[in-house]
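We just call them A, B, C and D in the order they show up, numbering each chain from 1.
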Amino acid sequence: MALDKNQIAKRIAQEIKDGYYVNLGIGIPTLVANYIPSDINVILQSENGMLGIGPFPADDKVDADLINAGKQTITYVDGASFFDSSRSFAMIRGGHVDLTILGAFEVSEQGDIASWKVPGKLVKGMGGAMDLVSSAKNIIVAMQHTNKGQSKILKECTLPLTGVRCVKKIVTDIAVLEVTADGFKLLERAPGVSVEEIINSTEGKLIVEGEIPEMKI
Amino acid sequence: MNKVVNSVEEAIQGIKDNMTLMVGGFGLCGIPENSIKALAKTNIKGLCCISNNAGVDDFGLGLLLKNRQIRKMISSYVGENAEFERQLLNGELEVELIPQGTLAERVRAGGAGIPAFFVPAGYGTEVANGKEFREFDGKMYLMETALHADFSIVKAWKGDTHGNLIYRHTANNFNEVMATAGKITIAEVEELVPAGELDPNCIHTPGIFVQRIFQGKAYEKRIEQRTITHNS
Amino acid sequence: MNKVVNSVEEAIQGIKDNMTLMVGGFGLCGIPENSIKALAKTNIKGLCCISNNAGVDDFGLGLLLKNRQIRKMISSYVGENAEFERQLLNGELEVELIPQGTLAERVRAGGAGIPAFFVPAGYGTEVANGKEFREFDGKMYLMETALHADFSIVKAWKGDTHGNLIYRHTANNFNEVMATAGKITIAEVEELVPAGELDPNCIHTPGIFVQRIFQGKAYEKRIEQRTITHNS
Amino acid sequence: MALDKNQIAKRIAQEIKDGYYVNLGIGIPTLVANYIPSDINVILQSENGMLGIGPFPADDKVDADLINAGKQTITYVDGASFFDSSRSFAMIRGGHVDLTILGAFEVSEQGDIASWKVPGKLVKGMGGAMDLVSSAKNIIVAMQHTNKGQSKILKECTLPLTGVRCVKKIVTDIAVLEVTADGFKLLERAPGVSVEEIINSTEGKLIVEGEIPEMKI
């Protein structure tokens, strides 16, 4: 059965290692924070200018001066720091963030990503996505495998790109894929989802080697 | 070295039609509320606003959009504003979208006397159209140029009479960097104190970057996404 | 997220012959005394040191020069060191002189993922030899490239277990910017506190830039030019 | 009579206006601080990372963490701020400092300046001088007019340059000169120094128009 958003977030959380500095994009990536194991130390970066995002605040602790990049009210943890946008992106561009998790409309075999613009629809802007994907050492994309039956895991992206040759791993509602020089390598499948279903849902070249384990959610 | 002006009206003196303004803030967080409201009361129009976002319909830069005072927005993300969308679709408003980190760095470069620099963001995308690109150490980069403004308008938490500023939490965002890149920088602060009261080791914006400062009134500090933890 | 190491010896683990080090400080102000002394006790040699100055004969980087551990200095000003002069005149030491602001900006660029940028400093001088130059808005600029280091060694006033750092007065100088540009950044601090004790709005170096931190001992803080006002 | 160093500093101090941010170089420029009129507000920048230099400290207030660019112990005034070297030079390069005062070996008619290197002598480095001269809106040079009888106010500099076409005004021990498109314009002469003496001491083109007033020291 295809994963829901929280399950995708839960699976992605398994990719986060002790000591990581992580930037979480808007949408499913934001949910990842809820599933980071309590026995590892992870610091969340928000590109609007902070390290050390904490949980959402209690009702009486909401602070208008304390938001994440999705403009949600948040809290900060011990050891947090605040800084301006140029410093924040210096940090991102300089490769100091260990892992970036973000959403996408499409990903190509080469690791190209399209996530910000749909021709014909109103363009709201790329925000920090282009900076993040062009600089991150390690990028994981959280996305739906298909949209109305159409694969979003493609040979070439059809939508305007956010970045080229940058995505390393993809977690969708039905599979975990690694972007390799030879194509998408199928690493895991959602519980109850068959390899055939994933093959049928993937337009780009899919490499299936041996037994494909089910994700552990 | 007293930079204090007596009112927001005095602070925005000299802003004229068709000028370029930088306006601090991220979403509605850390925006110069007083200055924007004062501008909305003037007939100044044709403004080019460099600001990460464009406010919402009835707050922030949305107030100037509603009045048709803005000719062009240079931003990274302009969602959440119906009037903005209407003007854009009708061709009444010009919009230049820039990756957020590139926007911040172009503003820094403007303040720091660096006319151009290279970044990887946008390479291989439509952002690269017409831009010079170049390889360094096997990776491709775009050349980006400095941004400047006639006026920069920023909002800080505390400030002193010399124009030294301290921001609070994520209300810093674009304020600190924009304060460096205006020919004239206007700072509005929640609390204005005499020079000497702020810790000189904790100043985010040294006073050299600020030409006018005043204590703002009645900060609304509107919240866009009020998200809370429900305790069980 | 604990970055604390137990000793200066542990902090400098992994520094090897012929590596490039950035070392913070301006003159003898804000230099990482403990780390330099510990390096002077090792047999590590062939170092390339990026540091604004080169210490004095018996203090700061002068200790490593005396031991012949430094192959090359990249600095803006290297006066006040007789042993340095001797090695330089004898061709035993390589020196690359860079304008101070260009040095600081090249280090920032290294930390900020900017491979190259343009500055006016040095145009029309021998510093421009072999460099690309270019006109922007009627003024000439040189293209300068980013600097990186295998290790950056900085000294702060206060630090916490996450590696967040606060500098004091002009002892900041090159420390803050160099902390961003090392593959591994070592911070020695006068006072090490648990995460959460430092004001998150007053952090100069966010912990993300620091891999190892320890509390230094017996800071000598030598003064080069003791100048005083004689009260009448 | 030729001015001494303190008199040169005193004359330069007259160029400083209320509200100026000023960077003072090492040597004579440092002395200028002693002669800034008490009825104007001026903030001194030090390129090692501060705004708001105060007087030298009392003996028991000396602080090793508080030095100027000449490595002298100093104090700071109310409204001071400290920052790192990259920020300090961003400030300088960005044209935020109103006036830079520095020493020189030679200045040319075009406003070129040589101040850091003498071939054959040990080179100590340019420090921040190249950054300052290439960026400052207004540069005043404090220097001796001649060295062992040889003019240092030249058609072309003979020593390696620090910067090109940047010097606006020169205060020497015998004259105040403005660098113009047509040459050095003589503005003032030291008390008791004749125009002829200045002409004889100046190799570069000197423009002498009308009566040349004596400096008021």
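Following the convention adopted for this analysis, a residue touches a chain if its C-beta (ideal position, glycine included) is under 8 Å from a C-beta of that chain, and two chains touch if they have at least 3 such contacts.
Computed from a predicted model, the values in this text were never measured in an experiment.
Visitor: Could you put a whole-Å number on the gap between the CA centroids of chain A and chain D?
Guide: Distance between chain centres: 55 Å.
Visitor: Centroid from C-alpha atoms only, then distance chain C to chain D, rounded to Å. What do you get?
Guide: 28
Visitor: As a quick test, compute the distance in whole Å between the mean CA positions of chain B and chain C.
Guide: Centre-to-centre distance between chain B and chain C: 33 Å.
Visitor: Please list all residues of chain B that touch 2 or more other chains.
Guide: Touching at least two other chains: 105, 108, 112-114, 119-120, 167-169, 200-201.
Visitor: At least two partner chains per residue is the criterion; list those residues in chain D.
Guide: Where chain D meets two or more other chains at a single residue, that happens at 50, 76, 82-83, 89-90, 92-93, 135.
Visitor: Which word fits how the chains touch one another: line, ring, star, complete or other?
Guide: Graph shape here is other: it fits none of the named patterns.
Visitor: Mind giving me all the chain pairs that touch?
Guide: A-B, A-C, B-C, B-D, C-D
Visitor: Which of the residues in chain B come into contact with chain A in the complex?
Guide: 26-30, 52, 75-79, 85, 88-89, 97, 99-105, 107-108, 119-127, 157, 167-177, 204, 221-229, 231
Visitor: Could you pull out which chain B residues touch chain C in their complex?
Guide: Going through chain B, the ones touching chain C are 105, 109, 112-120, 134, 136-137, 139, 141, 145, 166-169, 199-202.
Visitor: If you look only at chain B, which of its residues touch chain D in the complex?
Guide: Residues in contact with chain D: 1-2, 108, 110-114, 160-162, 164, 180-181, 194-196, 200-201, 203, 206-209.
Visitor: Considering the complex alone, what residue numbers of chain A touch chain B?
Guide: It comes out as residues 46-50, 55-59, 62-68, 70-74, 76, 82-86, 88-90, 92-93, 112, 122-132, 134-135, 160-165.
Visitor: Tell me, which parts of chain D touch chain B in their complex?
Guide: Residue list for chain D touching chain B: 19, 21, 41-43, 45, 50-52, 76, 78-83, 87, 89-97, 135.
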